[in-house]
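Note that the chains take the letters A, B, C and D in the order they are written out, and that residue 1 is the start of every chain.
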């Protein structure tokens, strides 16, 4: 990676989070910005918006990779909107553009992002999110953490470079 | 759906299955063909190839939605190769083109397909595959079955139309 | 290519063709079916529907690679609907799945398909469609023909295999 | 669009430009940065790299929307690499993320981007690039300009917002 590039961390989660999930997402965004990382997300509402709001409040850079074909659909805290026009296939671009992923709550869209990240050997840190087992055996690939600061520290440690 | 269209069922699973998973996939393919359904899959090897081989042996139609940009990359039992050139984003097209999905074993790619199907309210039938829990609660969306015939019967019953 | 696979030819063109373009598309579809080729297209109306109608009338196989996320959006003459959910990015899958492309009329969507085909060295046969020049020099990559039978003969001759 | 967002202009063109095209691209990049616009491109070499180099030299922001699945594949002047993993389908995201497009030289990949932009009513400004005619009639949708400063002025005037 170019030396001048900042680490990019993805924050993923649902568009209809609980109030606690939204609070966690905002704190994750704040902490990413404080530690100088760039935030990438799916660009819409809920966890995505809360994380962008947190990062923006602390002066961080926010990228939103949108499913639709207009930058206008991004939440107001996205500074760099990418309009892919490929629908949920953009979920893959969200995680592939990051060096680590923080998952907060989330439904099946978030699960698809977790799966795509693990398939690409991109570390996934989980806060109150999915747990997986395969053929009766627990899969421990999602790294469970207890709070936003721990999530960000873990993500930055695991991010390549 | 046009009255003349056959039901299309997706078979998903890994490219490096156990011998039992490959056997299950082949039997699922056979049974789909016997019951007059069209099979769609990711077009490559392993579970995908075994299922296509089974369907072909019974005179069924097989569609392979490929990640790469050449129809030549399809397994030899794919009759209709679709070269998407969009990589793993083709996983979404595999499940969206089906009225129901049968998952056999599989790794994170299969998990992403399960997630995309459930996100779209397309029924997922599971044979020795992933199990999910969210925030400590079991998610029972994957319909577990015991054998290929049961898998196909369930899929065809749940397929719309 | 597997010996058992039929040649697949893409027919591309606009969703609001002139009556002459629609007639040409229908005749192209008829002739493809008569010569035993499978037709692939974008699955919607206009030139796509006319070509599928022609092919169906002659007992041919028709594939529609759709931009949306439901097979239901295909025109009624599509036998095998593929729901990609990736919007206009499906234009690339339409041409990459074919061994040759026949373009009839069309607007900018058709132009994008012509460009993607030429970029992949897939032959493009043109009936009353776009002409290109680059930096003041004519680009003769689109093979111009005068009628549907000539278009189909040229496409099948140029299709690999 | 959020008031705080800068205008985003796409620069498109081939990966093997002539030396004059590379010079034009670099000057376009410089001028975009001087006028405070963000540059988006396909993130690879040739025209893309030259434009990013120019923008970086003047302190501008550069986004590279990559076809592959690793941010590492971006040219060294891309500050924000987006790894889409969808191959040439990323061409659509490049133009849809911009409010105007500047095309410099280019081959069929560039032509596909021009087509996708025009299909979405995103203005295309051309420097020594493709010219189009349809069914024997010239299509004047590409706005021809003579030099980089004129290209940037035109693009920023036409960019919405």
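Keep in mind that, in the parts below, contacts are C-beta pairs under 8 Å (C-beta built on N, C-alpha and C of every residue); 3 or more make two chains touch, one makes a residue touch a chain.
Note that the structure is a prediction, hence the values are computed from the model and not measured.
By the document's definition of touch, common neighbours of chain A and chain B comprise C, D. In terms of C-beta pairs in contact, C-D outnumbers the other of B-D and C-D. Note: centroid distance chain C to chain D, computed from Cα atoms, is 29 Å.
Look at where the CA atoms of chain B average out and do the same for chain D: the two points lie 40 Å apart.
Looking at chain D, residues 69, 85-89, 92 sit in touch with two or more other chains. Chain-to-chain contact here is organised exhaustively, every possible pair of chains being in touch. Contact residues on chain A toward chain B in their complex (touch as defined above): 86-89, 92, 105, 107-109, 111-112, 114-116, 118-119, 128-136. Contact residues on chain C toward chain B in their complex (touch as defined above): 1-2, 4-5, 8, 38, 40, 61, 63, 65, 69-72, 74, 76, 78-86, 89-90, 92-93, 96-97, 99, 120. Those residues of chain A lying in contact with chain C across their complex are 69, 85-89.
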